[in-house]
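First chain A sits with chain B, and in the next complex the same chain sits with chain C.
Moving on, here comes the complex of A and B:
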């Protein structure tokens, strides 16, 4: 393409450094926010005012910041659930189903310990919370494992499988918490029984201990995926499953493993939102809303290009944006779903920017050339 | 009982038309996993148009046009930019889900127009779906255009050498396919269940995607599969019609998804593949870059 004396050319990138990728990702987010201004302009709201409100509520407000932090932990765990299979070239869009299953497992433990009946436990709280965490991971890993097993054993398309499992577990949760289900809160309207105060984890600046799990998982995953033999095998499978098979890497156990690991982390996200975040402490009637929020994990995973450490700032930003967008929706009288619209715009912009991971634009002064 | 059967065929109409759209695209080598997103766009904008103008025709036209535009967007990402088709499809689905939630929410509620007249109790779109199945089968297997589409999906390099423009053929298919998906969405929101609600398709688009794999890229098997899934879907909504009192209604809602999983699993087994020789388009999902 020629503009005046300059020519705009495309050149295929030979390599892409981490910093270049980060630059492209940041640019994609800025462009997405610029495009999203259209939504505010159409609602007759000054985009600068709207963004000022979003950022100040999400990151500088004593009420907003804890919400952002809790949303950040949730998105970060969902991001890992996406990243681990993604490193193996597989798509886990089943974070919602996995986190529902994790939450169900948590409440199953509580039911088994008689919490629903007596609103208290005899065992030490720390032990029970540990059991809840393990249950959450097992529940998520079970649902994730189904997708991994079917992919590994029969090569069934994992996108369709994880999506089907999302819908199935969605209705299974309804079965357990509504219309006389065994987890139903006797006095509530279609929600689970509540966590007794003794099992509500203590908070540090409004944030439960799950933040240490989420941040610790970042370091652990970074190490496992980059520095260990199993990490190498996962990456090799992701590059080319057939070639990996020749190198003796199992085309069965890698898909199974990555989906079990991913599912377990999504299960923890379920524990986090339904048993650790202040003000909830039950499987809420609107649990589907939290399941939909899990899709932020996909964008976050794509934009951080599968790097668990890079996912931390991205999840923090997206946590804040989703909380802030919901806040301006109420404050500026916009219609429902501003946070989801933002999710969509971020995602599609990111898709367009994928191009720049592979190509770069070069301006050339073509004057004086033959 | 008869009413249940009619309702099942109406449900299958949506699956058939959306899945036919995906089938055309896949035959040309372009995978679009974002059917649900395209359908949500067609359904929501078609609904808003019909509600504000009072015209069904305009509603359907907008639904079809929007579907075509989203198909064009998917084509741009996957053909012109040569990007990963799954990434683009996911993007379209999440964009559709996110944006239609926001755009449609002021219109939440019933359409409030006189219902579209039925033919023998059936929605007229059921007959449209059958006609489309035959037309698409005919185009794909009996015309030179169909031959071009299939060759582009099987081996784009050879097709290009024999004088077929890979990019043009693929654009034609993704835009045409997108129009069908948008149309299917509009049928849902204007005829099948004319009430707008947040994220109301509840996975129909993903079932349509599974149906295409299930059909082995044959429009007639696809029609049969759609009728099967339409019936299952309807059964899961009204289990009391057939099997009163058996299982909670929430567990029934999982049935169509469970059967989809079972069908996909069956098709993916070696036994099935060798017996039926599933004809996956060879170049499906692979970007083609002209040298």
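Moving on, here comes the complex of A and C:
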């Protein structure tokens, strides 16, 4: 492209630092918001007002911020469920199924302890909550492990398997919580029985304690993937499975392991929303909505390029915008779906801007052109 | 848009000219003010060691890279390539070292793939006619309807050449044209190249080794060293020694001498080993041999005669169909590859990029490939990166691996430097048995000499070495035992001193030792 005596050219990047990637992502967010302001203008709303409302509700409002935090923790755990297999070059798009299974396992523990019948429990609450967390991880790990096992043993495509397992576990949950299922709420509203107050974990500054799990997972993953033997094996397998096999890294256990780990984290996301977020404390009738929300883990994982620390701000942004945009939709009387539309534009722009991870624009003085 | 080749250019006129081409990468100047001219109808070899900047120059001429400085002229007009498409449109053709063909498609389908005239509806009849004319003009014999996977390496290369010509190439760049070819195929290729230059094409082969080929076919030769042109002369004035000296910058000894070492205990014992290929064909058929301390056991043969399967079975990457393998009297027939590394088998694979290294890993991380499992190099599951970095730095220093640092990613290394790194990494573990598959393939003369000397050093230190090579001179000059392999069987096992070139050559072609002596 030529502008005046200057020429705009594309050049392939030789390398990309983490900061450059971050800069490109921030630019992408700004561009996405600019593009989306067209929607506000068409609705005869000043985009600046709209964005001010979105951001202040999501990140500075006493009612909005806790909602943002809940979403943030959920999306972050789902992001890690994606990132771990992604580091091994595998695609986990089964966070939904894994978190359903994790939630079901949580309530199975309660059922076994007689909580449904007596609405109370004899064991100390801390112990039961610990058991619930472990059950969530096991449930998610089991569903994830199926995909990992099939990939490692028979090289079955993990995308197809995780996708199909999403549908299967969705209906398994339905079977258990609806229409006479053993987990059904006595009130029969198509949801599970409720968590007794003694097992509802207390909030820390209005935020569920699961934030420590999510942030702890960030640090742990960052360390494990970069510094440890097993992290090295996962990365080597992800970069080049042939070379990994040559070096003695098992082509069976790595896929199995990453899907077990990813599934376990997705299971924790299930625990978070259905047993730790205030006001829910049951497998909600709309659990499918949270399954859909889990897919933001994929996009956050891709935007943060598999970096567990970079995933934190990305997940925070997505969590906040989904809350803020929904709020603005109601407040400014816009039509349904503004939040999804905004996140959609943001996703597409962020992915499109990854083009600049590989190319850069350069201005050149073109010589002697008329 | 520029037009293709001015009409008035005749044989002998300069068609392609590069002036002051400079290309910098972080920490290295790959091309430093390179000038050269290609004339129509000449065969102009570009010679240089790995890392001399050949690949970069080639990519610039083909539009894959843009130079930081300098100009390219075609037929006297300055041109700028934004991508290979521009280069192709202006009559530059490229035949890559690594084939870029679709195996399941026929020859003609591969040739027309991407051709602008192929359009949306294929007119195979017409394309076939046009391609046949090209084949006739230069005397290429090729079945256009054969599937590419059925072809030999030489035939595949010919497909790529025809493809470039069909796109209208006037200047044909050949990257390491003879590297994957058997001697007979190489002869055929040279005839084709001669025919093309006689037909007024300019042929520019880029070559790192096999100096005799340069002398045999080229009219002129440009030698690159460390990113600069060190000479450009008529081939008639050059000798193998003079070219090697210009490439490497010092005198090169062409023959490595076999070292005699006292024979020690048996390390590897292989009995009646057989294996299937990926296509479920029995390609390794009952081979038995043993290797002792301080011995090099050379397997000579054209690729595809079961060497790959033999090596993979020994490295634990392929299950044998029958037979047994033992290392130091421990049966390892079914041990996995990790176990074998731990027991002291070191393996240097033929495919350095796809198997031997991880392109986007740093050199330290690549060295980690052979250390991550060793409990001296991790503690409570955390890798001791510091120790591994020290090893990497030692390797870089001792093996003279040309790199700005140990943190650069492996894909930035040239082929020869990568091979040095892999070999050094494997040998640094002091393995009992070293398996080296095509250790000097694609390496320049300096690196080849270096790698061979390192193998001899390992042998002197008591390692047993299994050497797989297509290069007969390499096998004969290094091995204590020579086993020519043909269709998965050893045609005999000869002591190194009895292995005469003609005899081994005949055995490689399938004549059994017993028949030969009878």
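Note that the second predicted complex is superposed on the first by the 364 of 370 C-alpha atoms of A that agree within 3 Å, B and C clash if a C-alpha of one lies under 4 Å from a C-alpha of the other, contacts with A are read in each partner's own complex, and residues count from 1 in each chain.
Simple rule for what comes next: contacts are C-beta pairs under 8 Å (C-beta built on N, C-alpha and C of every residue); 3 or more make two chains touch, one makes a residue touch a chain.
Because the structure is a prediction, the values reported are computed rather than measured.
Would chain B and chain C fit next to each other on chain A once aligned, or clash?
They clash: once the shared chain is superposed, the two partners overlap in space.
Which partner does A:302 reach: the first (chain B), the second (chain C), both, or neither?
Once the two structures are laid over each other on A, A:302 reaches chain B alone.
Does chain B (first) or chain C (second) touch A:183, or do both, or does neither?
Neither partner.
Looking at A:228, would you say it contacts chain B, chain C, both, or neither? Reply first, second, both or neither.
second
According to the stated criteria, A:15 is in contact with first (chain B), second (chain C), both, or neither; which is it?
So A:15 only meets chain C here.
Tell me the contact category for A:355 with respect to chain B and chain C: first, second, both or neither.
A:355 sits against chain B, while chain C stays out of touch.
Quick one: classify A:239 as touching chain B (first), chain C (second), both or neither.
Second partner only, chain C.
May I ask you to name which of chain B and chain C touches more residues of chain A?
Counting contacted residues of chain A, the larger count belongs to B.
Could you name the one stretch of chain B listed in 152-160, 188-196, 206-214 or 224-232 that collides with chain C in the superposition?
152-160
Which of the residues in chain A end up touching chain B in this complex?
39, 91, 93, 150, 154-157, 159-161, 163-168, 171-172, 174-175, 178-179, 181, 292, 295, 298-299, 302, 335-338, 340-345, 347-348, 350-352, 354-355, 358
Name, in rising order, each residue of chain C that touches chain A in their complex.
25-26, 65-66, 82, 315-317, 336-342, 347, 349, 354-361, 365, 368-370, 372-373, 378, 381-383, 385
Applying the document's contact rule, which stretches of chain B touch chain A when the two form their complex?
33, 73, 77, 81-84, 86-88, 90-92, 94-99, 101-103, 105-106, 198-199, 202-203, 206, 209-210, 213, 248, 250-251, 253-254, 257-258, 260-261, 264-265, 268-269
Show which residues of chain A lie in contact with chain C when the two form their complex.
Of all residues in chain A, those touching chain C are 9, 11-12, 14-15, 227-230, 232-233, 235-236, 239-240, 242-250.
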